[in-house]
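See below for the structure under consideration.
Order as written gives the chain letters A, B, C and D; numbering starts at 1 within each chain.
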Amino acid sequence: MKLPAATPSAQPIAESAGRHRSIARRAFGSRTFVAGLCIVGCITMLAVLAPVISRYGPNQQNPFHTLEGPSAAHWLGTDDLGRDVWSRVLYAGRTDLFIGFAAVLFPLIFGTLLGIMVGYFGGRFDTFTMRLVDVIIAFPFFVLVIALVFIIGPGIRGIFIAIALTDWVVYTRIIRSQTLVVRELDWVAAARAGGLSHARVLRRHILPNTIPQAIVYVMSDIVYVLLAVVTLGYLGLGIQPPTPDWGSMISEGQSFLTTNLWLSTIPGVPIVLIGLGLSLCADGLTDVLRPP
Amino acid sequence: MSDTWRYVGTRLLHAIPVVFGVTVATFLLLHLIPGDPARQLVGLHASPAAVATVNRRLGLDGSLLSQFRDFLSRLLHGDTGTSFFYGVSTRSLIVSRLPVTAALVALAALFCVVITLPLAIIAAVQKDRLTDHAIRVIPLVGLGMPAFWIGILFILIFSVKLPWFPVGGWGISYSDHLRALILPALTAALGIIPLLIRSLRAGALDVFNADFIATARAKGLREGRVLFLHVTRNALIPTVALLGLNIAYLIGSTVIVERVFDLNGLGSLLLEAVGNRDFPVVEGVTLVFAVAVVLVNLGTDLVTAQLDPRIRLR
Amino acid sequence: MQDYPGPLSRRDLIRRTAIGAGLLALGPLAQACSSNSGSSASGSSTPKRGGTLSFGRSTGVFLFDPANAFADNDVYTCDKIFESLYVTTPQGTLVPWLVLGHTVSSDGKTYTFTLRPGVKFSDGKPLTADDVVFTVMRCARDTAGPLSYLDVAIKSMHATGTQTVVIELTQPWAPFISDLSCFCNAIIPKNFNGQEPKAFFKEPIGTGPFVVKQWTPGTSLTLARNPVYWQRGKPYLDEIQFPIIADQNQRIIQLKSGTIDIAGSVPGAAVSGLKSDSSVTVGIFPSWDVDLLLMNEKLPMFADLHVRRAIAHAIDRKAISAAATFGTAPPAGSFFPPSVQFYDPHAPVLEYNLAAAKSELSQSHFPHGFSTSLLIPSGNDQYASTAQIIQSELQKLNIRVAIQSLDDAAYHQEFQTFHHEMFLNWSVNDITDPDDMCTFQCVPKGGGSYSYYTNYNNPKAINLVRLGEITQNTAQRARIYAQLQALVSADAPYIPLDYPPYSYAWRNNVHGFKGIPSGTYRLESVWMD
Amino acid sequence: MKPPALELRELAVEFGQGPGRFRAVEDVSVSVADGGTLGLVGESGCGKSITLRAVMGLLPSGAQVASGRLLAGGSELPLAGKGVRAARRRRVAMVFQDPSSGLNPVMRVGAQVAEAPRTVLGLSARRARDRALELLAMCGVPDPKRRAGAFPHQLSGGTRQRVMIAIALSSEPRILLCDEPTTALDVTIQAQILRLLQDLRERMGLTIVFVTHNLAVVGELCDELAVMYAGRVVETGATRQVLDRPRHPYTLGLLRSAVDLDAPVSEPQPIPGVLPDPLHRPAGCAFHPRCWLATPDCTVTDVRLEDVGAGRQSACLNHQHLADATRHG
């Protein structure tokens, strides 16, 4: 996994639910954020509407029209089995966006909660958790994911589990360090001294002040997950054929890199765009969260 | 200075359980992965007797627990075993492959810094103008396209069309090595450059608004000096920390990059060993990677402490 | 009669990644065949001596011990150092190599060989009968040897004089000369020239055209000319280097740019691109391999003959040949590849016929189809495409196929432990005699192969295999194997899909390169200008 | 007569663009005589710091000078554009409010002080270092040799501010702009820093412009005073006179709201209301919503500074009432 910067710690938020609404409103006021959201939204729409937009099934083979260039019939040409690349790119979006967004959910939730707990309570549990985090981080990411996918078996399930088992460490790390900062703030100490329960302090003070960091990171994380899927595809461990996904399309196309470059290039375009859109969202959010 | 050494000592001490954890996890993962090293050695048609003999020779005939005990006791004696396939000690294999990977990672890290610095500062100076947007968007291609794709594209452009760099391989002389490493290092670096640019640009923007920059300007310094001495130096600190944090990623990406560029380093050795189920080699290389990550992280902390006197090593 | 432990071939592993083509040298004997598309540049002009050939292959060389070699590039390199008594020509026929010939006793149990005079090891010592006895007995008795079962028929052997070897068999054994030609029986000096085996194989000494000049196991290798090679004037090349280039695109680009002179394991997808490059020649050589769709008969649907026949009828092998192999591999009929002895081009085959497929399925216990899975090794583009074509074709029978790709080692474990339903794999022969392949693929107890992990068990087929082993008369054997091919076709325990070739590409200044169906290539007749 | 050391004429500073644009500073004209000290007072957000930064040519991003001229010793200094910094080099320097953020955290303070002598004055590295030590000593940094090797975070707040002053002086300016240099400091340290500034002014003949919201500080240091409210100057004059007899209700309000240590009986009385939002400036006198003297006229008439005698100016329609009131009260 790539590790994000320790985002400049946002202005601590005193007890507030209203603050979150205002962050959302300000986010929608940020042009960067809205632009990013538009890009992601467009691609998502295209993926969702794939059955309506595309004229061919994603797996519809045609042995008489293999490896053709773009034409009126096939806007983006055909692959080695004569399948329509445009249709496959659209349908691949369904697989990949689902994986990208769904696979980060568990790490986001689990990693954040764990980070808050260990950061707030400290102690031996903290030490142990952080050692575990160090161990997982010390593994080169691909090595670990590859090994896990080997064990679990390739395909969507393997990818989900491998990501779930490895990716939470980043969230834990980010959230823990942010929690350490927030915990020491005067008004948190005051809240605690004032007799608020741990649960309430965690929920009303620590969580609102730490979760924005996790949300900013999620934006990049989705792209990293997509990339991991692509690379697993290169190693033959990704989504199983014939299900189209951008990653396996790129890796299937690599046999034709020297002859039909577009086959492996086109599926990369939506990945780049998604990456761009999410980065813009993240930038916009960071701006909003940064103290004015 | 003795404080620093004590710090280094403590950190190394803390690293022991981490490295140990990685090693043990590797051992267990490997034995959980389906696939039989003996079969990989003697093939589909070999007799069961042949497979059994090979298993005995490789020390794979005992229970997992006894294998684990053997593994640990070997490890404690500093012995990482003998490669199932190469028939030579894992250590000698690693020693022969390490320079390639170390040079690749070092050069990639250097590229990260050299490319990120000017681009991020320019982007920050030109905030919200076309240059800024271009600098922020274009590297995202590196984020969206996998290393194996970018690598091949680089080869097609810079080695085939424009014969500036060798197509692949490692060469003989040091200058060969350097030339051979430029494209692979660039490929590996591209994976994290967008991340770094973003961080450094944000950092630079923060620094731009800092009072001490106003102080520097009020002194009458030229803008160039303000930019390089005051802005860059301060914005660099979080970036270096981020780079250090991502060294593990860089090391991991050598697995792919070395293969695409036909470099015989630890990454390609690891990939091959995993495929062959060459347990001792996988364990050895992972150990080296883990130690490298730990050391780089320590080094990063020392460097950032050097760059930022406010940081106290504790 | 005995089962032998397991059938034959070794290298399923890395196959397509390795290479090989051989050339054919043969001084005294054989003549290379005319051959295929690749021969264009060879031929006419007079060979030139000298030069260093750079041969890019996907893996390195890990060992030089013929009796323990298994991985492709180990095998294809060992045979440059050590030679067998007989070798296979590019046409797939056997020719005497280190012997002048042999006689067989009338009961078919005693073979007498006369060694070729004037053959020397690269250290200058002459080849003697003792060396042959030592080598073959070592291989036959080495239980860990991947192919030692090929020698199970040997009861005893001894040297009479320095030039004559006598081998006694436990029973008549038709494939014996073929077995002896296998690389595992390549001749090494008696007692490893007085060294420890480990030390000997580090700096091996053989009768082959090349010697090891520099070798780091698995990493780098340079061969140099054997100055005392028994074929006068050969080899032409001074040296051969074998750079390891695992990535296929990288291999092709290095060839096009002239960094290497020959590239092995050229994928079908790249062939047309390379053919359009005027500085490069593509050579496609027939192999002893067959790509197969194999079914696990332990499962009720595949135990049903009608289901298997329906599947055989439903698969368009021409489409697979065209799309998955880019036309490089001809569509298959018999499970014997054409280059193996006793291949019957007229063997009846279950042709592609959707109506017949549907009618077969309707007679089965699964007339409305079923769900199943197809196991393939990951990273094999040809099989990934093949699997998708099969998937879409079986869909027409309402047989719903999920493709499952696993990395090579896991893939092997999966089907060897019978966790699979269907899988794609290829059969590989190491000898030109079909016996080894037949045992592996038709005899459930043959070395624990369970008829290539299909659990196919037809006593008639087993009998034919056994009969083929002990029948000495060639015409009789041809009839037996024709029957076997027809029978297996009708039973359809596996469906031959195509006959994959070995593909190489080389710069136009390389001449005389030819592949041998086993996958290897002889390099003593290759020359460069 | 000698021209004033610094004269600012009709400065206007704008923030933002498009519909969100507003003027944070408007029509500000002040001057300070050579060797004099001008105090610029007002609540936070009244535009005094922006004015000072405009003079220094260091407006924050998003702010630009809309109009105005700046003269130093009779010659024109550009307020914007390329030559801004060069024009001020060796003439004008500035001391910032917060010494903890005003110093580069990763540079040793000696190096920061020596930087201008080295690059602006062109001294050799060695002489620049010696000069830095001199400056530090002159600014009362104890043990300058040792402190020069320290990083900012290793110094106390007071010492840091002394370093800031040393840095400001390092480019040998004639004019020193001080932006609330004592606000972030303890009261006792504040006094020391003020004494230092006074001392330096006398020894080096500096001209000082001093921005603060603390009237007590002004009284001690400045001879001239300009009070700002909502981006405009509302009253000017000699310090003593203005403080004793303010001619603008806002000035009076400021005086009443200040804690007066000398008169423990009187309670500080804050001015009611808040500074107006610059986007919605009240019509007429911007102070009228908070002013107890406000008349209907005040809500419509655009009030400008007027001479009110004795070299003083006020921007209050009712300044005469105030003069009468304070005289008798």
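What we mean here is this: contacts are C-beta pairs under 8 Å (C-beta built on N, C-alpha and C of every residue); 3 or more make two chains touch, one makes a residue touch a chain.
All values derive from a computational prediction rather than experimental measurement.
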Between the pairs B-D and A-B, the one where more C-beta pairs touch: A-B
Distance between the centres, which are taken as Cα means, of chain D and chain A, whole angstrom: 50
Separation of chain A from chain B, taking each centre as the mean of its C-alpha atoms, in whole Å: 22
Where chain C and chain D are represented by their mean Cα positions, the distance between them in whole Å: 91
Interface hub residues of chain B, defined as touching at least two other chains: 33-35, 152, 156, 274
Shared interface positions of chain A, touching two or more other chains: 150, 235, 254, 257-258
Residues of chain D whose C-beta touches two or more other chains: none
Chains grouped in pairs wherever the two touch, ordered by label: A-B, A-C, B-C, B-D
Touching residues (chain side chain B, partner chain C) in the complex: 33-37, 39-50, 53-54, 57, 85-88, 93, 96, 152, 155-156, 159-160, 163, 166-169, 259-262, 264, 268, 272, 274-277
Chain C contact footprint on chain A (complex, rising order): 59, 61, 63, 66, 80-82, 150, 153-155, 235-237, 240-242, 252, 254-259
Interfacial residue positions of chain B with respect to chain A in the complex: 17-19, 21-22, 25-26, 29-30, 32-35, 136-137, 140-141, 143-149, 152, 156, 191-192, 194-195, 198-199, 202, 206, 238-239, 241-242, 245-246, 248-249, 251-253, 255-256, 270-271, 274, 286, 289-290, 293-294
Residue ranges of chain D in contact with chain B within the complex: 53, 56, 58, 60-61, 85, 88-90, 93-94, 96-98, 101-107, 112, 115-116, 119-120, 151, 153-154, 164, 167-168, 170-171
Partner chain B, residues of chain A touching it in the complex: 1-6, 8, 131-132, 134-135, 137-143, 146-148, 150-151, 220, 223, 227, 230-231, 234-235, 247, 250-251, 254, 257-258, 261, 264-265, 268, 271-276, 279, 283, 286
